[in-house]
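Note that chain A is present in both complexes that follow, paired respectively with chain B and with chain C.
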Partner chain A sequence: MKKFISLFRALIKNWFRSKSGVFFSFLFPVMLLLIFSTVFGGQESVEYTLHVQNNDLVERYEFSLDQNYTRYLENGTVHEEMREAFEEKDHTISPDASMSKTGDKSWEINDNDRWYGLEENETKIDVYTLGDQVTCLSENFTKGLRKTETLDIVTLDRDVNVTEYFEDDTSFGESRRALIISRGFQEKALDKSMELRMKVIQDTMDRIGDQYDMNESEEENFTERQEMVDRWANRTKTGESAEVLLLTSEGDQVAPIIEGTVYGVVNNFNQRMMGVEDSTVEVESESIGRKDLEGADYYLPGLIAAFIMTNGIIGVTGTISEYKRNGTLKRLISTPLTKANWIFANVAQQTVLAFLLTGVMVLLGVVVFGVQVYPNLYALGFIFVGAVAFCSVGIVLGGLIKDVEAANGAGNAIAFPMMFLSGAFWPLERMPSYMQSVAKVLPLYYFHRGLTEIMILQDPSGAVVPFLIISVFGVIFMILATKVTRWKDM
Partner chain B sequence: MMVKLRPDKQNLEAGFTASITIFKNMGLYPGDSFKNREGVELIVKGKEGSNEWYIESVDD
Partner chain C sequence: MAEHVIEVEDLTKNYGDVTAIDGVSFSVNEGEIFSLVGPNGAGKTTTVEILECLREPTSGKAKVLGHDIRKEEMKIKEQIGVMPQDFNTFDRLTAKENIKLAADIYDKSGAEEIIKKVGVKEFENKRFEDLSGGMKTRVGIGMALVSDAPLLFLDEPTTGLDPQARRETWSLIKGLKRMNKTVFLTTHYMEEVEELSDRAAVIIDGDIKITDSISNLIERYGGGVKITASKEKGAEELIKKNSDEVTEEDKDELTGIFEDREKARKTLISLFKKDCNVSVEEAGMDEVFLELAGGKLTEEGELA
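Presenting the complex of A and B:
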């Protein structure tokens, strides 16, 4: 026992003298906790920028043309007579302008960035241009986007070419996202909603006809009305839906969130257009963990687990390598120390470091981030088991690999990938499914999951399986450590 | 409670290889023979061109 305590003290002193040891065991995790909790754990809700260009403007009456001009209404270039008539009304139309039919009695002229709408009446042709006001429905749609807590809406001028706008200015970074509301949004939305409403009425009448028995006069009356609805339905058929164009850049990780939010607003808008004010399904959301947890509370267990693992594997392998390189190990072998003293002193040192690390991290969390979670007895027990398990891995590597550099390299090669792949630093759901499968065979996954269950969710029963897995893992590696450590021959 | 962990030739076994300094600190030189704690008679051997010496059992 005395020999064990002497070696344990020597290991602890040696660790404190090593600046890199202290840095990687304490300062590095502390830095990561500060960075992760500050960057990803902000209390403010996150808003993503979305540029919106609303091109759906209210049409403004300008003048009327004589009915005689109806003969010049044709697809293609604008007839000279028609251009002259416009000129008389102080509207110059270039020879390149084109005319196209948009409805039964409606036409449009597109002349570069100018637009004219022509509506045939019984006695004349009314000519419209676009005003400065956006349409009511497109404005409501933008308001709907603004109401979501996810999007920060920035209005883009109508004369802006969106693609060039983003390419010219590099200051947008990843927020190169734009939603373009096309001209005719309101008109198409209204027409389509009428068409859909008629379809609903048709469908409802069909069902009523199928389900209810009627007498002869009722059936006659019903069929007459059904035919009337069918006629109206045919008349309101439009085929075209109002469109919005969502542009996102490749590799924008936030794009799926933006798309989801826009789809949500579109669905809501569609329902309103169909006259649905109420919803059949309501979603209430509540947290199943403790409600008052900050970002640091979530990162704390993951970081504690990850650095107990790296301290155990890299730290112990490094100590053994260093002791081998500077001859300390040979001197220790020639003292009365036994293999058991050597193994248990290393394990004890790592356990003390693990508790110290936990204390420092929690203290920092409380002082800087107001952390609400404290490691209880279950957590301390689990931390002890974890420290023993990962330290045993380090002893196995140190005993198994004779070459000093190779042992160090092996420690790094095992610990670093495990640190990033296990989901200790970010939710597992963000990783591809095959990586999630990899994470679930790594012991660190069970270590940080168990700590999260105990410290965050305060559910020790949820940590039973992780505890058992880490315990079995620890026992196996402790046995291996005693087998591969050939004390007198190291 | 504390004990000094001093290198001692009585803790050595056959096959032990270490730098010359460690052997000299224990007062051991090539050709020296001694008995360890288990009573096995050992001898210090030098390696030509190497800065390490090693221990062999006298019986070998």
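Presenting the complex of A and C:
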């Protein structure tokens, strides 16, 4: 026992005096916990920047033209006579300007950045320009976007060319997202809404006619009203829906989130335009049974498990192969120390490190992030089993591989993929399904799942299977460790 | 305790097709410093590591302190002190901590005393990684000595040390003899063998060529005593008459080679009485090795 204790003490001291060892085993996981929990798991919801350019401005009356000018209303370039008439009213139209028909009696002139709307009356042609105010509906739509907790709305000036704006300024990074509300948004939305409302009324009346029995007088009355509705429906304008243009950059990881949020606002807006105030289906969100895992709740057991694993597989492998290379192990083998002394001293060292690491991480999680951790004997037992299991893997690798660099390489090659694939750093649900299948054959997956069940969810029964899996894994590798550790002819 | 603390009989070790030692036999007496001498790759470390129970022999027998190396490994390890080749230990522990660790492993309590004896006191609190080569060797000897074992194995303890550190280590090893320890030393430094050893075995290509006391080895294989004198006062006649071979590399001097040391001694006395200008070059282990191996050993231990 004295031999074992002395060797254990020596291993611990030698390890603690290694700056790089302490950094990678304690400070590095602490840093990761701070970074992951702060960046990915803060209490505040994440907002994504969306630039909005609202081009739907209220039209402003400018002047009227004599009815004689009606003959110059035609698609194509603006007639010279018409341009001269505008000139007289102090509005210069360039020869490149174009005119197009937009409705029965409405036309528009587009002259570079300027726009004129022309409305035929019985006696004159009224000319409108765009004012400074945005339309009520487009403003409400923007407010709807702003109300979502997901989007941080930044207003873009109307004279900005969005594409050039983003290309010129690289500081936007991935937040090069813009939603452009086109001119005519309100008008089109109102027209479309009226068209749809009329269709709904027609449809409703058709259904009433089909479903209800009416006497002769009622039927006559109903048919008369139905015909009246049809007449009004025929008089209702039909046209395109109002459109908004959503621009996202290629490779933008959160583009689907932005699109989803915008669609949500658009749907809500459509319903309101149809006069729907109440929802037929309400989604109520509440957690059932188990505690929801917020950032640090998730990362704490994940990082503890991951670094107990790396300390075992990378740390122990590297240390043992280095002791073999520099002759320290030979020095120990030449003494009355036994192979069991050596293996158990390493396991004990890793167990102590695992407990210390857990203590430091839990303290940090509780103090800095307010994580509710439930320290208990189950947790200590599971950490012990995990430390033994992963340390045994390290002893096996260190025993099998003679070359230090190769041993370190092998440790890294096993530990790093396991660390990233097991879901210790991010929820498995975010990974493709085939990767999730891979994760479920990795021991680290069961280790961090078990720790989460015990330490955070306070559900030791949920850790039974992970505990059994890690225990079996540990026993297998402990047996292998005793087999491959050479105490002679090394 | 057996009269022979080590008895080796027809010991062989193969690494695959390579035979590292080929049927070696020798014995080491209690209380002596025994050197196993040979070039790199001759089989010195393999031999010593088999005796330290670090390697399994392919065939042959060996007993250490009366215990069979195959059957009583732990008994042997408890009674020997070892300083392996290229000795290393926990590099971030201090010199004192490392020696105390060794004491704990052997369940002994004399660490403080050993620290003083091997001259580690002045740097006992320095980390092993910060020590010079000579200091590390002292720690290594201290760790071997703290076992309080009667038999110490020192595998090339002075390799890579500067001349001063080497001499300090020699002094330490001589001290071990005074402490009635038996020391099994491997080395490729002939000067070290002559300086420290009572007996030596010369091993070449896994085969022990000869085992004997240093004086006998020199006498038998050293190639005689060379006496060089000026050709005056009858010295020329005296040397030509008594020596076995005469060479004249200079017109004013001649050198006589004497196979018989007694004859050389008498001739030398006569030359001194005639007040001749004389120099003597005595054969040493270098010459022994040259005779047995057909070459000399370089500083690095290669046969040249």
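Please note the rule applied: the second predicted complex is superposed on the first by the 462 of 490 C-alpha atoms of A that agree within 3 Å, B and C clash if a C-alpha of one lies under 4 Å from a C-alpha of the other, contacts with A are read in each partner's own complex, and residues count from 1 in each chain.
As a working rule, a residue touches a chain if its C-beta (ideal position, glycine included) is under 8 Å from a C-beta of that chain, and two chains touch if they have at least 3 such contacts.
Bear in mind the structure is a predicted one, so any value in this text is a computation, not a measurement.
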Original post:
When the two structures are superposed on chain A, do chain B and chain C clash or fit side by side?
Top reply: clash
**OP:** Scan A:Asn326 for contacts with chain B and chain C and give back first, second, both or neither.
**Re:** second
**OP:** Have a look and say if chain B or chain C is in touch with more residues of chain A.
**Re:** C
Original post:
Does the superposition put A:Lys13 against chain B (first), chain C (second), both, or neither?
Top reply: second
**OP:** Would you tell me the residues on chain A in contact with chain B in one complex that are also in contact with chain C in the other?
**Re:** 2-3, 5-7, 9-10, 327, 330-337, 488-489
**OP:** In the complex, go through chain B and note every residue touching chain A.
**Re:** 1-9, 11-13, 15-16, 18-19, 21-22, 25-26
Original post:
What part of chain A is in contact with chain B in the complex they form?
Top reply: 2-3, 5-7, 9-10, 327, 330-337, 488-489
**OP:** Show which residues of chain A lie in contact with chain C when the two form their complex.
**Re:** 2-3, 5-7, 9-11, 13-14, 17-18, 326-328, 330-338, 488-490
Original post:
Once bound in the complex, which stretches of chain C touch chain A?
Top reply: 52-56, 74, 77-78, 80, 82, 84-93, 97, 101-102, 104-107, 127, 143, 147, 153
